[in-house]
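Each chain carries a letter (A, B, C and D) given by its place in the written order, and its residues are counted from 1.
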Amino acid sequence: MNADATALRAEFPLLAAAPELHYLDSAATSQIHRSALDAVLHHETTSRANVSRGTYRLAEAADLAYENARRSVARFLNAASADEIVFTSGATASLNLVAHAFGNTLQAGDRVLISEAEHHSNFVPWQMLRDRIGIDLAVIPVTADGRLDLAQLSERMGSRCRLVALTHCSNVTGEWTDVDTVVAAAHQVGARVLLDGAQAVPHGPQDVRALGVDFYAFSGHKCFGPGAIGVLWGRQKLLAAMPPFLGGGGMIGEVTPTRSTWAEPPHRFEAGTPPIAQAVGLGAALDWMLSLPWPAIHAREKALCQALIEGLKRIPDLRLLGIDTTTSNSKRAPIVSFDIPGLHPHDICQVLDAHHLALRGGHHCAQPLLAALGVEGCTRASIALYNDTADIDALLAALDVARRELT
Amino acid sequence: MNADATALRAEFPLLAAAPELHYLDSAATSQIHRSALDAVLHHETTSRANVSRGTYRLAEAADLAYENARRSVARFLNAASADEIVFTSGATASLNLVAHAFGNTLQAGDRVLISEAEHHSNFVPWQMLRDRIGIDLAVIPVTADGRLDLAQLSERMGSRCRLVALTHCSNVTGEWTDVDTVVAAAHQVGARVLLDGAQAVPHGPQDVRALGVDFYAFSGHKCFGPGAIGVLWGRQKLLAAMPPFLGGGGMIGEVTPTRSTWAEPPHRFEAGTPPIAQAVGLGAALDWMLSLPWPAIHAREKALCQALIEGLKRIPDLRLLGIDTTTSNSKRAPIVSFDIPGLHPHDICQVLDAHHLALRGGHHCAQPLLAALGVEGCTRASIALYNDTADIDALLAALDVARRELT
Amino acid sequence: MSASDSLYQDAIKQFAKADHGHGQLAQASGESKLDNRLCGDRVRMQVALGGDGIVAVAHETKGCLLCRAAASVIGVHAAGKNQASIDAVVQALEAMLKDGAPVPHDWPELSMFEPARAHVSRHKCVLLPFQALREALQKSAVTDAST
Amino acid sequence: MSASDSLYQDAIKQFAKADHGHGQLAQASGESKLDNRLCGDRVRMQVALGGDGIVAVAHETKGCLLCRAAASVIGVHAAGKNQASIDAVVQALEAMLKDGAPVPHDWPELSMFEPARAHVSRHKCVLLPFQALREALQKSAVTDAST
């Protein structure tokens, strides 16, 4: 398997058809790998049927494809069993699922601990749970350089902490969370740990058992798969102890006018016709990812990120967000956000776009983090396995143009 | 536009590639029309980006495609505005959205009226709401021939009825609900009306304003579009008065550590990255449907349904479910369910499959209805615009074989 | 010949019709009720244990031909077997269906289910009564241990 | 020439920098605060009304160059206009951006936003201050009516 960016890029239909494009917005959505697109197409044209209910051959083919996708996800996460894999419509849906199904097992006064660095999708559902049942929502602050301040972790957890829900990797700073420390502290007080892996999964297979966490959530569209599909992994025992979230077909044992009983996980949490072709596409994307030479890809991602940071440091007044410039960035996903005082991120991105650079400016659905860092918005470059030095060079050159054009 | 079944069938890639297949399970999932598949493919390979947040050209293209899809849905439903169209992951998700967002505006003791004929997706969410906040859940019974018994509608509504949530068309009997009667009675006591249109939409464009209802839900995969996409239509004023359901990116006004504010509908109800390519595919499917000669298609669907019913009536002991054989079936969608005492639906479907007939046996996610009709399961043939007499003839012939083989 | 011709052999139909072991035990050591979520089929299985293992079984099975035939085979064969041998046959039957393993030699009638190998969605139909039997045994074991 | 070269004309940069109308009114007839949900940009707009219409405007605008330039154009032009003519210019500006309609003749500076037509996601940036102005006027109208 070739880890060369040019070869990888050729496997992404959109990028292959747009050689001039410097796509540096993969943290918002990655491009789709041809294996995922082909799998969707193949499924829809040869095996389309509803799952879990039909006995004809087409329905069996659909069932098999869907359950095989579950096994692919389990392999990718090193889950103990495919039954621990719940398909959802996205990371946001996965996080809301936990906030409702696990959340409804909590009592008023129980603590849920999140952080200032969370994406809104791992922030708002917990605020809504707080407003619904009166949990005590505590927020780990970030340090001046944007890292989770884990110094007083035990105190923040208190004795009634039931869940610690943190991003595995920040979508603004690229900072990875120190999971070992969090898991040790949480499990000491009997709290569960949920990781929002939306930004982690695009950078390689994860091992939920090695991480020692209890829940893991991510989205297909950020890891080279189709949209409209997400995953919630949860330990079998935890899932089995949770009531369902959404009601509908496929998640029931029996329905009578007066009451209903629930199916076992994962089906209990998959009400209605699930995202079948999308799961199949995600399975293909993850199988492909599993086949990649990750050490080589990580080395390139890191080198590109380093080159970008060095280049940005040369721009007068530019502020790198959440990057402690005095330490190495060994635990950094290749996501770099910056602020140039006096230049609005949207104006910067507009000029970059004219140079075929796709970058995003704004609050990146992380207003609490940006507020903590003292900015309203920022410009973000996010690097994926198909990026190369040409993308970084183009960005640095275009930023010079932007500074001239916008002042 | 040609309404000939052979010509239509040729536009469905899976059916075109499997000329021997008699697909009679469209009520579970329809086959996907090539316009929808092409639209998904085109989007993923030319316009893939996240929506609502980016300013580069690719992101603008994605935004435009997504919002155009919203307009296509609005046209298909004759909605007053595209802002009344919420994209969800399916009909089940749409119904759960109403059960939470509208449901949370209800008080304990307020009545929600559903029926015995509902799909589990329009049954279980209301039971869960009842168990959550103590609404009074009332159930309209069905008559012996499976129709909604609207005789005592006003009494059943009582004075505290706030919502009547009914299927537009039964997924078991094909019976259409008498919406005029329901809307008149509901609006008299100030109750809102929700229609579950999952089985209505595959049989042509709907007019929510002419229907006079307040909410309308359906799924893309049943109306020739992609899976993983659904629609909730709601009157603008109602949507604007509802709190959000899921929390996450894209649905907020502002997020601070202590509280958040909400975006306007429809975005308020679309937390997280929405099903972008799937919405685009659905838009294409609905645009295509809008271009069809519906009177001709309805005439054929009705003729096929009639021929099927006549043929089934000749089978000794066979019981047609929910079909009053003494009246005409003018208000019937082409869905026919039957029971042959002594033959299990799964065994029947297995034999049919050997003759390339795709039919589904079981409870069809409508256990309360089947219980009311006195059966545990049944075999269902559901007809769509690509079916033809060959499918009906094959079914009737294979049922003769099944009766011989299975006894 | 159609795919179903080979599936619905006379043996299956005869076993289903005979419904060996149908009924209830006056005194059961253990009992289980299992559903097939997908179709609502249901097996209620009772076992009576003696010194060496199963003395009697009785079941009430509502289901398709495959499910009823499987329950009927249990009605013929289960008495005289012990927990270990039941565990073994359930495993062997699963392997036969899923991986094409040979028919368990002490339950030769299970060969009638060989054509079901090709029909993944029907494996559960055949297995359901066997899973119910195993569960009924486990429940008696628990009761034994606690007395 | 890149697409942005034409967008960020000197006029836009100069108007944004000049920030005409920046500030607060001692006594406002109406005031509005509008956000752009997508980027968090914010306009606070105040109007003071007299017999014939707007006597003075003041705004505090935090946003991109397009948004700030648009607010600044309002600072130059709004005084002396009445509600109907403001409604008309907002409509005309929308039509100019969305449908390629001509520049409103009594607000000639708005021509600097013509290149923004091609950038759909930026229309909101230009329109935000104008929508804020209209809302501030509506709020004063309500206050007027109730006194």
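Rule of thumb we're sticking to: contacts are C-beta pairs under 8 Å (C-beta built on N, C-alpha and C of every residue); 3 or more make two chains touch, one makes a residue touch a chain.
Source: prediction; values computed, not measured.
With centres set at the average Cα position, the gap from subunit C to subunit D is 77 Å.
If each chain is reduced to the centroid of its CA atoms, subunit A and subunit B end up 31 Å from each other. Centroids built from CA atoms put subunit C at 38 Å from subunit B.
Chain centres here are Cα means. That of subunit A falls 45 Å from that of subunit C.
Shown for subunit B are the residues that touch two or more other chains, namely 53-55, 59, 252, 254, 346, 350, 353, 361-362, 367.
In subunit C, the residues touching two or more other chains are 38, 40, 119, 122. If you draw each protein chain as a dot and join the dots that touch, the picture is not a line, a loop, a star, or fully joined; it has some other shape. Pairwise, the chains that touch each other are A-B, A-C, A-D, B-C, B-D. Listing the residues of subunit C that touch subunit A in their complex gives 35, 37-38, 40, 119-122. Within the complex formed with subunit D, the residues of subunit B that make contact are 52-55, 59-60, 63-64, 252-254, 263, 267. Against subunit B, in their complex, subunit A makes its touches with residues 13-14, 17, 21, 23, 25, 28-29, 31-32, 37, 40-41, 44-46, 48-50, 53-59, 89-93, 95-96, 99, 116, 119-121, 123-125, 127-128, 139, 219, 221, 226-229, 244, 246-252, 254-257, 259-260, 271-278, 346, 349-350, 352-353, 357-362, 364-365, 367-368, 371. Touching subunit B in their complex are the following residues of subunit C: 2-5, 7-8, 13, 38-41, 62-66, 119, 122, 125.
Across the complex, subunit A meets subunit D through its residues 344-347, 350-351, 353-355, 361-363, 367, 376-377, 401-402, 405-407.
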